[in-house]
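Dropping the structures in below, format is structure tokens.
The same chain A turns up in both complexes below, where it pairs with chain B and then with chain C.
The block that comes next holds the complex of A and B.
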């Protein structure tokens, strides 16, 4: 890397490091009991000792994030390929994708709730009584939560992937076709390698976002188990002020998981052929 | 979003660590006329639970215009949970601010106690409010808030009584005691549930059941100690675990708050709901949300009752205005309008024997509700609230020994 570049990005890096360092630093300090709201500071690690509730939260958060990211990646990639292809209805599809992007997650979650809950629109349209309707909202499995994230994130993935493909894919596809490549071979050896970096990056962003997001799981999820952000916020707002360190410990754990996923994705990204 | 918020909070905290934490329990030495003139022109932000449209309308359309006449602008800030307001105050206090966003909070119980613990309330003012003369100074509901001495740190606003509510069209022979309610639940599986604590209403249901399981409120000491907790709660958790399979969705999940519970009742999925503010039932029936056959279920052994208050945070700059609003909210006129079931229907904290003849006559003229009996009927055999330290302990115990167990 040349030195001029390093100097140019330095202000941004310093600002980010300051914000991250101050925020994370104080979260870590609070999580080990060094900045208590009441009482004297005393080093303690009780928040990090894996209670059953915390383990359940980690499991549920990972389940929600991986399931919704997988669906989003699959749907997003297919949509992107349709968008840059020459099929009919492209405009319509593009309009749908673009319209999904600015819908806030909170609105999305409320709409999914109205659609899928026991006495929601779907159960009424289909004439299924509330008692017989599967517990999609707040049930044992976070179905509605995953559905909401998968829908919103697939639009995001489609947008990012199609943007990276739009300028290059048609020419390559055409060449490959002229050289006699069949549709599957064109997808496997042309479209997929070209799409991989954007797909990987977009999926990583979606995963990390889902892991740290609160409102959808709060609105559509069950009372138990709770994903990490919901658990953290409940402990944070507990009237028991000594629960603060536990809340911060959960927040720090969430950050660590999100950070490792982001780093892994970055490492994978550097390995992809199209990156270089 | 949350991450950004906590990061920002983190920076504020780091930069404020060195700042001295201001003392809060200062006495208010100003005389009332002085307070009134200081209040003129101030803007008071009242942070209150926003889940009750009637309460919101009362504050916006009745209380705020009255405050404006006294020169104070009253701004209502709705919150999903009073804990949000408290957290705001605690963060401001940690940051050493003295011009906080919160001037007045509708509060009681554990939120009040937490604020006292963190020294976050302005104290020594409410006993000096002119309109306090209309309240009974020996009324235990007003001198103690969930076992915590009020000590002039908050002024009373309404009284409330925990009540079970049922649909008389579906339950023709309603149970008369809490034990009979439990039997009824088991005989009619899937038609009852309660909001998951720490929701306010779910939390009081668990406390009410602790009384039942322990053989009456006399057997549960109001002050908290771990030994009594360990002795009394296993039976409660056992009863709730046994009850779970008969609840809505087999007790594997619970409505997250009383709003969600009321929705299930309104949709006809449940035959009973519950509330700590029975006052709102009249309006809910009138507007058709609840069926016309909705009735309050009186229990022989009585139910838990409490009062709620208005507190001023130590970080508020507009405390003179806040005091003026608190005094106004306590006036016989405001208390009477608020008690009207067509307005809000909240039970008054005033002692009617201390009112002037005209004010008393006005109170007597309030219309009766077809759904909710009067406060005197509801509060017969009222059970005292437990000390606030019980509340988080019971909430946490419920999550650990009931919710997590029955999966």
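The block that comes next holds the complex of A and C.
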């Protein structure tokens, strides 16, 4: 084995192994009561016995992640197709997409709060009094949370998909058009298959990110039910020190769900013909 | 193209422009309002009071804290990612696919879960909070820097290094005059993304820092979770958006200059799409 390669890759690999290994290992051990904050270690699985609030959290997290990812994929794909086309307004759209990328989700959440709350910008612009405004922020449905993720991740999807299409799509489109393909056929049989791998990868990353992200739902969501990260953080910072294993169990469950989604997406990606 | 299709396309472009711009509109309006009462659609008085009133109150130290974390994360994650990408490109690693997957793994795992578990470990090892934050965020940035540097290395030709060596160049000279210039666009993109990971982080700083580390996002979160502080939230948010946005605009400008200064570069049959001003991922987290 060549030592040079191993030396070059060592800093990154050691850092990742330490942080992921120690972090997740310790989370698993704590979740089964083997590293208690107080008292003696004793194996227990109470954190994994599906309590009602944990089940509600799993359901809500999956709802938020799938709804926002679906919208982001649809909007992102449409944007990408327009960006690699030649229509008017393309540069303006590209500038806006690019500008949305570095916006931290926390800032996005703060801004969406100012947009959709009951005395927010939309209620002022539409002339709806605060009392009559639907509770989009912290309401029964996580509307504002889903909107924030869908907006931010649609820019991400648009960027990834358009980058993968830019060098190939125009030529293929031209050939298909010369061969007599109608616009719908060009979309269905040329653009969509070319975009699929990038779209799948970007959507999977968006889904997994949304599932494990804390601040947006904390700022814009209702007090109950909470998504997994918010529930886990509340238990983690609880004054009741025996809640620690429960917090860790929720964290481990989130990791398992996110990891399974990532692996499934990877398996699907390997099966798409255009991969590599 | 047929006329109805063109109308559909125009409407779609217009709707998408609104979709991407609308969520940030409140920040611009609130940050430039001196007075905005009641249900009025626009502020009654415009001005810069939101900014002048928000300065002080620890904003400067929070800004410097965010800046320091961003710079340190970029300074660690970019070279580490570049080295890993080089090793993967050299093709001498034993299990290249395993290594590549491992370096991408942090993207797929929830940061809050990793950090909650790590907290106890860092405490027992007496690792200072700032060091812990930087370590975790560097790992969070590694997938992006490795990915971008691998993309940069795909087009990289090792023959240039060999030629320079034959001509008597030292290792340092090769690094400085061959490798760095050839990989510069990739390095710039990786540095930018790694900086963003540190600059915009909230949950890692909150969990590891335990309230002792105050960064701009920590300040924004505590302000935004209260009520009646819209101008301050907007002013702090704009302060967080300005540096990366200015950097992006400068990079786009520079790229434009470079491209128009060298019109005869080979192998570029088509003008690149404007989105390629930036390569890839996320306003991190």
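Heads up, the rule we're going with is that the second predicted complex is superposed on the first by the 256 of 276 C-alpha atoms of A that agree within 3 Å, B and C clash if a C-alpha of one lies under 4 Å from a C-alpha of the other, contacts with A are read in each partner's own complex, and residues count from 1 in each chain.
Basically, a residue touches a chain if its C-beta (ideal position, glycine included) is under 8 Å from a C-beta of that chain, and two chains touch if they have at least 3 such contacts.
Note that this is a predicted model, so its numbers are computed, not measured.
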Partner chain in contact with A:236 - chain B first, chain C second, else both or neither: both
Touching partner for A:92 - first (chain B), second (chain C), both, neither: second
Comparing the two partners chain B and chain C, which touches a greater set of residues in chain A: C
Which superposed partner A:212 touches (first chain B, second chain C, both, neither): both
Touched partner set for A:252, first chain B, second chain C, both or neither: second
Touched partner set for A:27, first chain B, second chain C, both or neither: both
Which of chain B and chain C A:223 touches, first, second, both or neither: first
Partner chain in contact with A:139 - chain B first, chain C second, else both or neither: first
Partner chain in contact with A:49 - chain B first, chain C second, else both or neither: neither
Partner chain in contact with A:185 - chain B first, chain C second, else both or neither: neither
Intersection of the chain A residues that touch chain B with those that touch chain C: 19-20, 22-27, 30, 35, 119, 130, 212-215, 229, 233, 236, 251, 255
List of chain C residues in touch with chain A within their complex: 5-6, 9-10, 12-14, 16-17, 19-27, 29-30, 39-41, 80-81, 83-84, 86-88, 90, 92-94, 99, 102-103, 105-118, 120-121, 135-136, 138-139, 142, 146, 196, 199-200, 202-203, 207, 217, 220-221, 224-225, 230, 233-234, 237, 240-241, 244-245, 248, 252, 270, 272-285
Of chain A, residues touching chain C in the complex: 1-2, 4-6, 8-9, 11-13, 15-20, 22-28, 30, 35, 75, 78-79, 82-85, 87-115, 119-121, 123-125, 127, 129-130, 147-148, 151-152, 154-156, 158-160, 162-163, 166, 170, 183, 205, 208-209, 211-215, 219, 229, 232-233, 236, 247-248, 251-252, 254-255, 258-259, 261-262
Contact set on chain B toward chain A in their complex: 1-3, 6-11, 13-14, 17, 81, 83-84, 86-87, 90, 94, 110-111, 113-114, 117-118, 190, 196, 198, 249, 252-254, 256, 267, 269, 388, 391-392, 396, 399-400, 403-404, 407
Contact set on chain A toward chain B in their complex: 19-20, 22-27, 30, 35, 37-38, 52-53, 56, 118-119, 130-131, 135, 138-140, 212-215, 218, 222-225, 229, 233-234, 236-241, 243, 251, 255
